[in-house]
Each structure stands twice: as C-alpha cells, then as structure tokens.
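Note that the chains take the letters A, B, C and D in the order they are written out, and that residue 1 is the start of every chain.
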Amino acid sequence: MYPFLRLLIRGQRIDRRVLYVLLMTVVALPFVVEIPTPKPAISPETQKFYDTIEAIAADPVRREKLVILSTNFGAGTLAENQTQTDAICKHLMKKKLKFAIFAFVAAQGREQGKIAAERAATKYGYVYGQDYVNWGYRPADAIEPLLKAAVRDIPDAVGNDINGTPLAQVPVMQGVKSVNDVGLIIEVAAALTLPQWLQYYQRTGEEPIPTLYAPTSVMAPEGFPFLKSGQLQGMLFGLRGANEYEVLIDERDFGKRGAASLAYSHLLIIVLVILGNVGMFAQARLEKLYREENA
Amino acid sequence: MFDFLADANTVKVIKIWVAALCTLGIYSILYKENKVFRFFEHLFIGVATGYTIYITWNDTLKPRWWVPMTEKGEWWWAFAVPAGLLFYMIYSKKNVWMSRLIFGLFFGAAAGRSFQGFAALYFPQVRSAINVPLFNTPESRAADAYWLTPFSSAANNLLFLAIVVSITTYFLFSFEQKGKVIPAVSRFGRYVLMFAFGAIFGSTIMARMGLLIGRVYFLVNDWIKGLLLGQG
Amino acid sequence: MEHATTSARIILILFSVIIVTQVIRAQRGQRPFIRRIPGLTAIEEAVGRAVEMGRPILTSVGMGGIDIITLQALAIVTHVAGVAARFGQRIILPVRNAAFVPIAEDAISTAYNQAGRPDAFSEQDIIFLSGEQFAYAAGVSGLIQREKVAATFLFGQFFAESLIIAENANQVGAIQVAGTPSTTQIPFFIVACDYVIIGDEYYAATAYLTRQPTIMGSLVGQDRVKMAVIGLIVLGAILLSFGMPVVWNLFFDKELATLADYFKPQGTLIQSLGAGGGK
Amino acid sequence: MFVPQTGITLWLFILGALVVGGGVFFVLTLVPTRFRKPLIAAVTFLAGLFFALEFFLPVATEGETKGQNFLTPFLKPVSAWTTILQGFALGIGVYSLVSVHLRNIARKREGRGFSVVLLAAIVAMAVPAIWKEYNPDPRLKGFYEIIYDGAFNSLNATMYSVVAFYIVSAAYRAFRIRSREATLILISAFLIMLGQVTIGQAITNGIPNEGFARNFRIENIANWILTRVNSPAVLAIEFGVGIGALATSLRIWLSLERGSYFDEEL
C-alpha cells in the first residue's frame, strides 16, 4: 500500500551514523578529486579589511607605526583562523609593514602566529626582530589591566618577547612607546577577545586606532554591530572571508580547496533537511489516507 | 638512547601517526562511547593540564615573578606567596573563609572595571542605535543612490528601531505582559529573535565545516598520501 | 574611553543609583513583582522527570572563570540541586575553572544539607575536568555517555563546545534546559535542547528561582534602565532625523568642552552617518 | 623601602617578606567570626573602588601627567600582581584533578587504567615542556613536539571539529516545519547558508548587481539579514545582558548580593 509514500517516510528517520558517513565523504572528496567551484563574490566587509591595510601601507606616516596582530585562537579553529593569519601575514609582509604577534586567551595562539609568520617570512625575506616580533602569551584574566598599562608604555607593560628578550631591546620595537605609536590592531579570534581592545585600547590615544577583525564564522555575526558603529574597519567572516581575502591578495591556498568542501557540505545539509520535511509531510498524508479508508 | 627523537624526519613521521590515531580515536565517539574514546579523552585532559602548567610557569610565573624576585632583586614579590596561599585555604576546615578574601579581591576588581567596560562597549552601540535617521538619510545622498534609496534606507532604519524596541520589550520582567499592544510587540520581538538565531546558526555552519575540513585535509594529505602512500 | 567623560559619569552614576535604590527598597521588605518566564516551568518539569528516571543529573556553570555570569549560573544550578536533593538524586557538576571547584562544593553541599539529604551529596561529583575548552567538552561528553544522564542543566558562558555537550546528551535521551547570555551559542542550544533561557532571561531566572529580594529588586532596576535606554534611543533617532544630535552626543566617547557642543554634530557623527549599509 | 637588593641581603629581604606575610596570614586566622564578613566586604569594595575611581576621576589636561589621574600609574603594578596571583590559583585545579584520579587508582575503581593514562599524560606534557627551556637537548624538543603537535593539537582540533557532525544531525532533526518559530529558524538558516557558499551564490548570479535588482541576489539578501536584522537583534540582546552584568557587578561590589555562596555563615 502506497510504497512511494512509505519510502518518503523513511527520509525523516535516517540514522545519525549514516549522516556522519555522508558528511565525511562529501568533505573529503574535493581533496582527493579536483572539483571546480565558482569564484566567490567578495563581500563588503572583506573588501574593507583589504582596503584598510592597503590605505595604511600607502600613508607615509601610518605605515611606520606598529601593527598588532593578536592571534587569539587555538588548535581547534586552525582551518579558519590559521588560514586567515597566513593570508594576513602575507599581506602585511607584501606591504612591508612592521607587526607584533600577541596572544592573550588561547595559549597556543603565540605558536600558531609564529608558524604563520615563519611560513610567509621565507617568501618575503622578513627577519624576526628586524621586521616583526612575537610578544608571546599572557593569561586572559590579566589582559584588561595590562592593556590599560600599555596605553602609556607598551615595552614595560608587555615585558618581554617569546624568546625572553625585553621588548625595549628588540630592533623592530624601537620608537614604539605608547598607544599613539600603534597604527593598526588586527584581532584574529575564536572567542570573545575583541571587546578588550575596544574597551581598553582602541580609543585611548590621540585618535582611534583602525581595528580589523578576523573571527571564526560563529563569532562573526557579533561583529556586524561594531562595523556599523565604526568601531571596526573591516572583518574576515571565517573561512569564507579568508577565501575571498586570498583572492584579493592573489595568494590562493587552502582557502580555495576548502571552499569546495564547504559548498558541498552545505548542500548536503540542505538536501537532508528537505528530505526530513518531505518525509514528515508524507507521513501526515499517509495517516490521513488511512483515516479516510477506515472511516 | 632515544636518539631518534633528535632526528627531525622521524619526529615528523611519529607526530603524524600520533595525530592520526588521536583524530580517529576522538571520532569514534560518533559511533558510540567506547573504550578507545575513553583512552583519548583521558589522554586529552592530561595533556591539556600539562600544557596549562607549562604555560602558566613559562609565560607568567617565571618571567613576571620568579626572575624579578630572584635575579632582579625585587624582593617584595615574595609577598605573592602568602597572598597566593589564600587560595589554598579552601582546603582548611577552620579558615576556609580566608579564601574568600582573595576571591573577593578578584570579584571586586572585576566589578570595579565594569563601569569602564559598560561605557566603552555599549556607548558606541547606543550611538549606532540612535544613528538611524528616519528621513534625509545619508545613503540617499550617497553616490550610488537611485530612486528607491531614500525610501529603502528609511524603511531599513525604521525596521532597525522596531527590532531594538520590540526585543528589549520582550526582555522586560517587572510587569505582567497583558493588554493588546505589549504582548504583540513582545511576540514580534520573539519572532525576530528566532529569525536572528536561525541566521546565526546558518552562518556558523561555515565555521564548523571549516574545522572538519582542516582535520580531513590532514588525514587525507599528511597521513594517507604522505605516509601510507608515500607521496610525502 | 580610557577615562569617563562628563556625560558618561552622569549616565553611569544615574543608572547605578536607579539599580541600587531598587535593590535596597526590595531588601527593606517591599517585595517587587517579577513575571514568571516560561523557561522556569521547564526547569521544574525537567528535574521532576529526571528524578523519575532515576539516572543522575548533569549540570554545568559554563566556561567562565571567577566572574559574575558564572556565579549567576551557580545560583541556578544550586536551585536545581536543592530540588533534586529532596529525592536523593545525584548531581554531577564538571567544572572548567579550577578556582571555582571549592565555591561550587560549598554551594551544592549547602543545598543538600538544607534539603535534609547530606548523605546524597558526594564531593566526587564536583570535579575539575580541564581548563582547556575542548578537553573539558571531551570529558563532559564521556561523562554523559557513561552515566546515561537523565537531564542536563547547562547555564553560564558557553562557546563553540555548547553543541558537543548538548548533542551528546540528546543522544542518550536526556531532558535538557540551557540558559546563556552568550548570544552566538543560543541557536545551538535551541536545536539540541528542550528549553532555552535567552539573553536577559538568564538574570530573571535567578531572580524568580531564588525569590531573593536583592536580585528581584535589581531586576526591577534593570528594567527601569532598559526602558530609559530605549526611550533615549527612540528620542535620539527622531531628533537626529531633524538634525539635532544632542542625545547622540551624550554617548560620545570624547569629552565635550561646553554645553553648547552637545547640540552641534561632532566630527565623527557625519562620517558615521554614512556608515548605514542598506541600499 | 622598596629598593631592589642583591646577594645575601636579597635572600634576607625575601625571608623577611615571607615572615611578615606569614605573620599577617596568622593574624588573619585570629579574626573573630563577626568581623570576617565586613573584612571581606571591605576588601571587595576597595578592589572595585580602585578601578571605579581610576575611571571616573577627572584627568590632568596638560603637563607631564596628561590624561592621567593620581591612580593611573598604579595600573601597571596591579596588572602584574593580578597576573601572578591568577597563576598561583593553578595548583587548585591540578590538585583536585590529580586527587580524584589517584583515589580511583588507590581504590581500584573500575576504569582506573584511564586514570593512569591521564596522570601519565600530565607528566609527559609538563616535564619536557618546562625542561626544554633549561636543557637545549634536541631529543627533548623532539619529544615535546610529538606531544604538543601530535597529541595535544590534534586532540583539540578534532574535538572541535566533532561539532560539524553534530550540526548535521541537529539541523536534520530540528529544522522541521512544525511550529512558526521552527519555520522562521529554518528559513533564515537556509538563506544565510545559500548566501555564503559559492554554489548558493551561483543560483542568483544571473541577476545584475546594481539598482533595485541587486536586492534579489542571494548574497545580498544574506548580507541584508546579517546587517539589518541580526545587527539590531544582537544589539538589543547584548544591551539587556550588559545592563544585567552592570547590575550584578554593583551588587557584588557593594556586597548587597545574597544567595547560598554569600549568605553562608563563616
């Protein structure tokens, strides 16, 4: 009786282990087989992210100031945050900007920042200490007082770099004393680590420091109010943002292959949800038919 | 002894094997809770605790306390020992209240900072919520404006206000939400909330898939292709 | 804003006075009215059904450290423990912040004593799992699956691990109530839990559950401040449409020299006016 | 008084500080019960007062201390002391974890093998990590790399990625058109998903990207939802939570807070 309806009904009760196997295959496929996917549309917040760095590099005064690259993420969000950090390092080095890596929530943030910088340094001839520095990690609970102290005296508040040398003695930090010597703040985040910069650093100098945000997709929706209020000048919306940013700085790498897996995993969810709903309606219809028959 | 640990290549191979086994071990919970998962769960908690010990010592206590005290002669850092000991009074039956002194210190400090926190985080938000003029909007004066822009931007701003007001009404608790207007506004607020949560969920799928892609890329590229098939 | 501007001082002190007066008035016996939020019936129901199933209940105070939101979560978990204790039901509370273990032990053991069942409480059930976010999530998932928990009560700050915990509990058929001010994690709780307490309801939950005059008074004060902010926003938007940015300037983060400056559009106002995105 | 010392006098001063600190510690144990709560309230209030005053007090408008009030210079030492005291609290967590698992082993509880694994893992990570800072032996560095990159990093990333699987099963189960709210969540989630992925964007690629028509391109719809619906919604929720946090801070700062932790007899 009604075999077609009965088949549809099974669509709403697929065992979750089948779903997991389906997801694994759909995600792994693009890494085994080359699957073409269209180029991404560049979203406005990614374009603003790119334009801000370009504008600072073009401005003779601001390009001499220090860029703080805050890498607040751990191993958990490598696919998104590491791809973003790799692209940012390449862009900063392409534009010959001085930057400092700093982590204050995820302890491994300092190691992931180091890896990204070293990977790009070989290509762009950047030398540690000369062109960039790594301030290392400070515990999350002490960051607010530390930032408040760093408004006046960065080398003293931060203390020493990842190798233990006091910041005052690191060549790239020469002339960098107070918040007014910082030209740009870039926050790569896996959790809520943007407010500390906005609360205790961004607007404490003579003029507000342009701030860029590279969160995971889960944190990104909370960034839009800050873009609208002018507290943020640009944002990379997770892996999607990283993929678009890679297109803008034409350094396509992990972003492109990842985008294909992304597209098909989303398609899988959409198909499954449709199947689930169709199955539900089919069951309702079948029950109605039975009631009519027995009535 | 253990000289292989000095050779970079062997370390790289061992590292990839360990990482692959850990990855598959954790994924085994997707099938069902089993002994293999329990092993990697406990391994994970242990390694994570070990890392926290290392980071706390190496990045905080050594450079900011031990070195200044013993090498730079700043002897007053020694007061940190009795102060830090207050934490451990939680284990004393008689003097557990003393641990409340240091917790009180931290609660008080966090509370004291909340004034600046509130002003610095929410004042710009209030300004952006006010910054929604209902006519002669800046978008209508912008370069790429076309015939609809004045109306669409005014409508957008009105919607912005309606959403902020209705959701805040939903979160009012000091009176019963009766009558005709308030429950309707509150219900609209709840529907917008649900719509917004759906959007947040949709935009987060991207992030989670990104993580899975990272792991699958490692398994396929570094482990299977790199080690098993030797295309290293 | 490194130091308060004059208007920030006035606004913040005004808000603080509103809240503190309501708290003191409530403490002096004037019992304020708080409407019952639907989420709370869900908590009572969930504990009841969990007790029937006889399996332990898993609770969490979230991923925060020694902070205000985590203490608030502890108040709700303590209430749940009080209800469960009457039936001698076991409560498991894995903790992420080490320093919070003794505080939680204090609160939960008191709840069991007050319910007259000190025997049902065991210190073993309040354990520090790990400070690392996902080691904590792995530990909680393992606990949920092994203990086949009957219910989970997840309150406090959560991040990406929220769905790991909620979906594992869903698989063992646990009844789930969650409450978090972390906006980005609410959608995950909505799809995996039976009931979710959203944003500000989180603070209302403690007020209603504990019936503490202080917290109820504070909630009334918070409502007053919320209404004030909404009033200022609507007034500000209307005035701004007529080109008068006075309310906007009240919340400006630079010190304004004279009273007249409050009526003149400040530099960034024009630039931010253009920040609207809609076409 | 606070002058750095060297050599033997340094160690004498340190010993002196420990003795004085220990003395204060002992005196504290003698504080009678009825003064304990007021003392805690005073400590909490003063700690908060420092930061509140530093923020609220007017600042010098010119001269050497421009933009500072008399409390601002103390921010740095307070930050240093906060960092260090936070570090001291680490012992509690390690103690409570280790004691639970040692008890499992001692009492031969079921699953004690896993407790051995856990304790061994703590040592296997902490010892080489700290030791490598003092001993440049490459074998140590190699072992640390295996434990950190091989085990810790992969466990962390994998556990995080498990969420992707749960998203699929949760979405499949929850996104059903059975209530008005569930349908709203389903529609907005779909629109955002399609708007963010190249395949979704391809559906509406045909529509020109300017003028009125551009509002029907899927990525612009998704962007409109995120900027025109999500932004005010998140803003309104965060307001409530922010005011709630401010109220809770005030109650704790002024020790008005009640509830089991605060009322307990000391």
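Just so we're on the same page, contacts are C-beta pairs under 8 Å (C-beta built on N, C-alpha and C of every residue); 3 or more make two chains touch, one makes a residue touch a chain.
On a predicted model such as this, the values are computed, not experimentally measured, just so you know.
Among all pairs of chains, B-D has the largest number of C-beta pairs in contact. When each chain is reduced to the mean of its CA atoms, the one lying nearest the mean of all protein CA atoms is B.
The geometric centre of subunit B is 16 Å away from that of subunit C, both derived from CA atoms.
If you average the CA atoms of subunit B and of subunit D, the two centres end up 7 Å from each other. Centre-to-centre separation between subunit A and subunit D, using Cα means, comes to 19 Å.
Chain geometry summary: the mean Cα position of subunit A and that of subunit B are 13 Å apart.
Across the assembly, subunit D contributes residues 55-56, 78, 82-83, 86-87, 89-90, 92-94, 97, 148, 152-157, 159-165, 167, 169, 171, 173, 175, 185-186, 190, 193, 196-197, 223, 226-228, 230-231, 234-235, 237-240, 245-246, 249-250, 252 that each touch 2 or more other chains. Residue numbers of subunit B whose C-beta contacts span two or more other chains: 26, 29-30, 38, 40-41, 44-45, 47-49, 51-52, 56, 60, 64, 87, 90, 96, 106-107, 110-111, 113-121, 124-125, 127-129, 131, 144, 156, 161, 164, 168, 171, 193-194, 197-201, 203-209, 211-212, 214-215. Each of the following residues of subunit C touches two or more other chains: 1-2, 4, 12, 68, 71, 99, 101-103, 106, 129-132, 134-135, 138, 160, 168, 183-184, 187-188, 190-191, 198-200, 219, 226, 229, 253, 272, 275-279. In the complex of the two chains, the subunit D residues touching subunit A come out as 68, 72, 75-76, 78-79, 82-83, 86-87, 148, 152-154, 156-157, 159-161, 164-165, 167-169, 171-173, 175-178, 186, 190, 193-194, 196-202, 205, 219, 223, 226-227, 230-231, 234-235, 238.
Per the touch definition, subunit A reaches subunit C in the complex via residues 16, 44, 74, 76-77, 140-141, 148, 151, 190-192, 199-200, 203-204, 216, 218-219, 221-222, 227-230. By the touch rule above, subunit B contacts subunit C in their complex via residues 26, 29, 32-33, 37-38, 40-41, 44-45, 47-49, 51-52, 87, 90-91, 96, 99, 103, 106-107, 110-111, 114-116, 118-120, 123-124, 126-139, 142, 144, 149, 152-153, 156-157, 161, 164-165, 168-169, 171-177, 193-194, 197-198, 200-201, 204, 207-208.
Remark: subunit D residues 54-59, 67, 69, 89-90, 92-94, 96-97, 100, 103, 155-156, 159-160, 162-163, 166-167, 169-171, 173-175, 185, 214-215, 223-224, 227-228, 234, 237-241, 243-252, 254, 256-261, 264 touch subunit C in the complex. Chain contact summary for the complex, subunit A toward subunit B: residues 17, 20, 23-24, 27-28, 31-32, 76-80, 82-83, 107, 136-139, 141-142, 144, 159-160, 164, 195, 198-200, 203, 216-218, 220-221, 225-226, 228-231, 237-240, 254, 257-258, 261-262, 265-266, 269.
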